[in-house]
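Input: one structure, supplied below.
First chain written, first letter: the chains are A, B, C, D, E, F, G and H, and each begins at residue 1.
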């Protein structure tokens, strides 16, 4: 409710076009409506093709089933269940035929609308074969969120020429997600090749002094290339969220 | 040198319009020119109003003096010395009258052109008084890089109403830098209020279990709000770099 | 044995109403009786409706069975087995029909008396769905200890309006238990909304830089809100103990 | 503004006792007034004898001077500057004759009202001589906040009898602050002697494997005694805040 | 070979009682014989009742079988397989009827001689029920090594009176092994009650901020009681080795 | 393509011995050919007897099968699959009869050529029985890479004489790989006995304060002996790579 | 007060040889006298030549002065101020002429009695020059506590022969203190050469991955040699306490 | 003493050419002479142009003076004092005119012989300006040890083309020292460009999540390029030792 609407309401009260009780009921919820406005306008997001999202870990299959059924009733948008294993897919499938399983990305999508897309694209770059599941989580998430996505996989810094052969696809992207485990050096090297914003995803790939992704995380945070934003270890989903926000500017 | 230019050159050789030696000299540097192309086109950056940058720590005053003198000769752009204390300012001042010292931001600028600016703005949000130096480092860096910058300081989550009173300035920004120490919760709360990309800067403000910024760093990385990119502890400069890249898209 | 009783005893010795040997036997244990007094008067606790408690992990089912049988003989109070899985429930059930299993809270109660309750209440606030088991551990424990308990779940800081819609239930509590994983920011935000003592429980919910609850733990310890006491990661039981002590003052 | 006041206002509009513009101005700020209500009622705190608080580190002497001058104008309450060294005291002294310096507690108080006090008391227990500054920070803070405070110092667990000699002062307290460095075992032992809520403050006293207070912090968090809330390392101030909240219930 | 023996040998050479080749063969190994002397005289240990020891983890059952068969041939002493699960016991049992399984201590003994014993005793003190397996590992190891061992279990510091009721058994020991998890405070308290050397064993019992025994380890290393030697987490075996060395002085 | 070749090409164009299109095609790839030259000449490696390598973890059996089939077509060299369990062996075996499984070393080799060997040898030294799998990984890898390898196992520093008995085999090696867990002291001691370059491999053997190999890693990095290069925890493969490079100089 | 004395007292009451009030006063303090007995009999320690001890850090010079003056009045024993810098020495010197400063050991002794000594000796072994201050702290402390002490310095494992040349002085000691920084390997090697109890002191000597003594600490805790008790980093004092307890058995 | 010499000695005894006492004296020291042989033949090193080395930190100027004077008498070789500040230089200068100070490398050399050199060279590569002191420590140390050294500085991965422009100097080296702080990615990239053995030196350059060099250290240990040996943080000296050993093979 904006100032104009508020003024109109008061005028209606003054002119007896609206009784006190009705006005009161509208004003009573004003603070919270305002707060509703304060929070992200999710409807706008949904109108723009964003899916509703379920983070699967820590939820029972029954809970996921219930949430999906609810969402199916509430809106016509797509639904994305992230970090979903096969059993999540099966339970969603039992509720709706629109369920698709992106196995490598561990993502289930209930696809009730075509994914929107953009002219500009998000590039997902990954270092090793073992980083691909996280890279795919990012790529699928970004796709479902309505972005054009390109992939550049298996371009680790120990074979730097493969990366250099692809400079133009890097520089033509609107934003770049770099997924790398071990020492995470790929983010620094890509950062040296482009002036596009980079979102770095450390992965837990590695062993020993990798400490579950800490070596890549620290490497990315202390990168000698400026302008790299880092997300949590293995957080392909979060990287896609940020990339999508940038891509849709 | 693109394919057409290369073809022309060969034709000239064939037609004796260009002697072997001259052609050789042009071709000899081909790989590296190409690589020069591969790397970020820094001249483009400079044309766009980006400053040349000196990271001050670990450089002697003599070294900084030399670097500045060099830059002054080489280009007409502005120069930014980051993490600069008063003595850095004095040595730069001794070389050029254009030196300005932003004390709180610990930044020296040799201002030879007016800063460019943008219609969209970057918002720098900070939690406590003690986080302001890092927030200012981000704000001044972004300004010198040619961005419009707005500030929203002292809106820590323990007094949430001050933040909520400023929802519109948050949602009207193109991207937001959130600077916070201690538990770094401000990033999560701002992330819940907006769908703009957020760059989070953990600061080393705090003591005890803060561990020099680790508590804020981990808090920001594991934020329950999606789409937050984190930079290194106290890295206001890096946050400004990323924000500038996003703001100028 | 207090001074008066001691005086009486000595008088009886003096007056031959008590022989030396009998007096000696009473005095011999004086230090330890005194120490028994020194330690918490568990009988007072039991009279007040506190249950006897068994921490299940690291105990065999046989051991648990034996302990329960012992307790059943020794007193008429309720018994609480914490961190109990289904097999613990089954073994307790085999011993007494009074066993109840609170599955989500992983708590078995042998309920031989109605739980007492209080006029004032403890509020248990939790951030995400995945934090609920720990929140329930706290809520059930506090209930069994004889407190009125209210719950406010799923009010994470990324959707701050849901929390703000519930300010009054927060401020009317006598003490508040805040259960949160990831960055643990909920404790800070609740701490900014109330002047009631807060007990914060970091949970191990999360992945990557969460490090098994460390990010939430550090966030809560370094909270910008004052007056928050933190318990061990996932320690809903301990939080309930402290809350109960405060609530019963 | 509550429902009744809102109804009255609408009636005045209806009855032309209040013009639209005036009503509009009152309603415009409604959400935030409501939010002001949502946050802690600091005036109530001040009426109850709470001081206004300045956390000194990271603030320049000029900033502190300005803040104090502001506070002096704004209210008649006491002012507490925590973590204050002698220079802070001197600058406060230059502004008002009411400044008192509690050197060991590193606390400056502008005492313009007698400290209130309570019938019940907070007990501050500390282990070694070197823990006393933090213990005093807690004790002075609690005193200035209007609590009766008793002290029991130098009762480390390596000389357990000194602690046992003081069981009654422990059990008669309403809540207990335990301050200890090194292994922090004092919290566990006191926790075994009483059923009062305990707030544990790990100190950074120690060297080597103490790691700046981490050994005490972990020891207190994993204490075998239930119902201990832990605050940040060296955070005597925060412990006093929580103890004061409990003591004033 | 000592100086006297060496002199004798040279005399024999001189007097043709020993030919050059024989002398050479004896002298050739002199350095290593000497080194054999340098290392611990294991035969002396065996004569004194020490067992031969096999650390089971990381060895296949076949390897353990082979080692035991070898030892059975080589000497008449007892054999101790530590950290042994049931399958280790079974494979040892298949080789010799003298095998005994101490299940709680996870120790297999091939008992071919009565355990020796000592007049003085080692006391093994433990805090909680869950620490008993490590305490038993220490107790059984010390027993098999020929020491008299006494046990004092379940005397955690949260119930300090149980420990104080047993001061004399503590002070009459020659050395004391203290086994405790969680915060490890028991070592400090026992250290304050006695002037006997204490060997502290942190256990990995606990969760959350226990970090697999780190909280107890740091607590014991930074103990306020002097003269406590700490062994690795869960290393009951090593504690028994050191205690045995002290007890047999 | 070097300068001479480039000159020749231009001359041929000039002299019509090469048409423009052909020259263009050669020049077009110049940067990348140059980069191909820049990267390690893998063909040279293969000619020298190096195997092609597959790092097995994180690859599905189908992926490994495909990679091996590809390699079999592409070259005649040997193939080494590292960190391979039995199922990897079986899938490779299903593709080629040349597969050999070195079980302890967890290495599968497709042996299509005899391993080359060298006059000089690499010595692999290991401390305990449990370190042998990593030592074997190093030994087999080095062997397959065409090096002569000698082994010196089970020479931990707690029985220093066994190491000293083997000083000559240490000093005659060209380079030495030292594999040790626990405190990793073996690297320091060997480093004091020889002036040959040492590559130290910390293993994750141990428990408690070993922290998955960290104790050995830190011990080796801070060794009091100079000239020790350390590889990642359990990285026998990487140690063999470096040793092979040194041995083949 | 033992049973006999208690019986006598009761008889005296019975026989009117002692009035009630007098008896009461004696009995009233019984628990604590008993507890006084429970704690270490410090008088016995002092009679045996132990000094009174002051841990200097964290105490003001005035406090130290006061403590020393007190001790001087209270007993005739020696006084040891550990971790004492020159200023501590000077303030002690101003109070008594008996003050001696052991500079390298950072220890001040007020020597009012000749140090006692023992037939058996404690051996202090250290690795590098930089470890000597901690070694001396141990040696001087042990000496002042009345032990015969021998030193074996600068025998680091990188020059193993120097250690081996001194096997007999190692094996003739009653107990051995091993002081080492960096990787702390000396403890393992000495542990392999002797069956005497070893107390290991990690020092903070080193840089980088030494992490202030952590590398040595972890190395000693995970030593492959059994029967090593570890004290805190740089804790020469604590090692001497434990060694003295063992040596005086 | 080898077998032949031993045989000769015995023959002389047999033939009365050597009396028993003389033979005894020679044989008595046999084990240790042998051990002297066991340890590195330092004389051979010195003959080969290696300097004697003093690690300066933790030694007083007087101690350093004494050590240098000693060395000057004992041999004619060069002397290297590492980690030496100006005051070390001055004290060495006061003893001998041959002292040279390499300020950036913090190295003092007493140069009494020309440095030897080699045909092959060690390449020292460094990332940023701030890494140069450590790179110089490595370069000067390697030079003084008699190696030809080349430098390639300021080739960080964020400007990858500068590194690629220097592929031939990298591939022509015999071994390469890579010095880098921050994320340490340079080691991986160089490792991908060459098949020469690489010694990686992490530096403590950086801030925040660099944690004093940990980010670079972990990055280098987990490098995706094989065959990289890592030394301690900032350990340019140790890297030079290893490189020298490899270069002189």
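Simple rule for what comes next: a residue touches a chain if its C-beta (ideal position, glycine included) is under 8 Å from a C-beta of that chain, and two chains touch if they have at least 3 such contacts.
Only a predicted model underlies this, so the values are computations on that prediction, with no experimental measurement involved.
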{"item": "Which of A-H and E-H has more C-beta contact pairs", "value": "A-H"}
{"item": "Selected pair, out of F-G, E-H or A-F, that shares over half of its residue contact pairs with D-G", "value": "A-F"}
{"item": "Farthest-lying chain, centroid of Cα atoms versus that of chain A", "value": "G"}
{"item": "Angle of the C-alpha superposing rotation, chain A to chain F, to the nearest 5 degrees", "value": "90"}
{"item": "For chain D paired with chain E, centre-to-centre distance based on mean C-alpha positions, whole Å", "value": "51"}
{"item": "Inter-chain centre distance, chain A versus chain G - centres from mean C-alpha coordinates, in Å", "value": "61"}
{"item": "Centroid distance [mean C-alpha coordinates] between chain H and chain G, Å", "value": "40"}
{"item": "Junction residues of chain C, two or more chains touched", "value": "35, 38-39, 128, 159-160, 164, 192-193, 208-210, 217, 221-222, 232-233"}
{"item": "Those chain pairs that satisfy the touch definition", "value": "A-B, A-C, A-D, A-F, A-H, B-C, B-D, B-F, B-H, C-D, C-E, C-G, D-E, D-G, E-F, E-G, E-H, F-G, F-H, G-H"}
{"item": "Residue ranges of chain A touching chain D (in the complex, touch as defined)", "value": "3, 6-7, 10-11, 13-14, 16, 20, 23-24, 27-28, 30-31, 34-35"}
{"item": "Chain C - residues contacting chain E, complex", "value": "32, 35-36, 38-39, 57-59, 63, 202, 204, 212-213, 217, 232-235"}
{"item": "Chain F partner contacts - residues on chain H that touch it in the complex", "value": "35, 37-41, 44-45, 164, 167, 174-175, 192-199, 217, 221-222, 226-233, 237-238, 241-242, 244-246, 249"}
{"item": "List of chain H residues in touch with chain A within their complex", "value": "127-128, 156-160, 164, 182-185, 188-189, 191-193, 206, 208-211, 214-226"}
{"item": "Chain D contact footprint on chain B (complex, rising order)", "value": "128-130, 159-161, 164-165, 205, 207-210"}
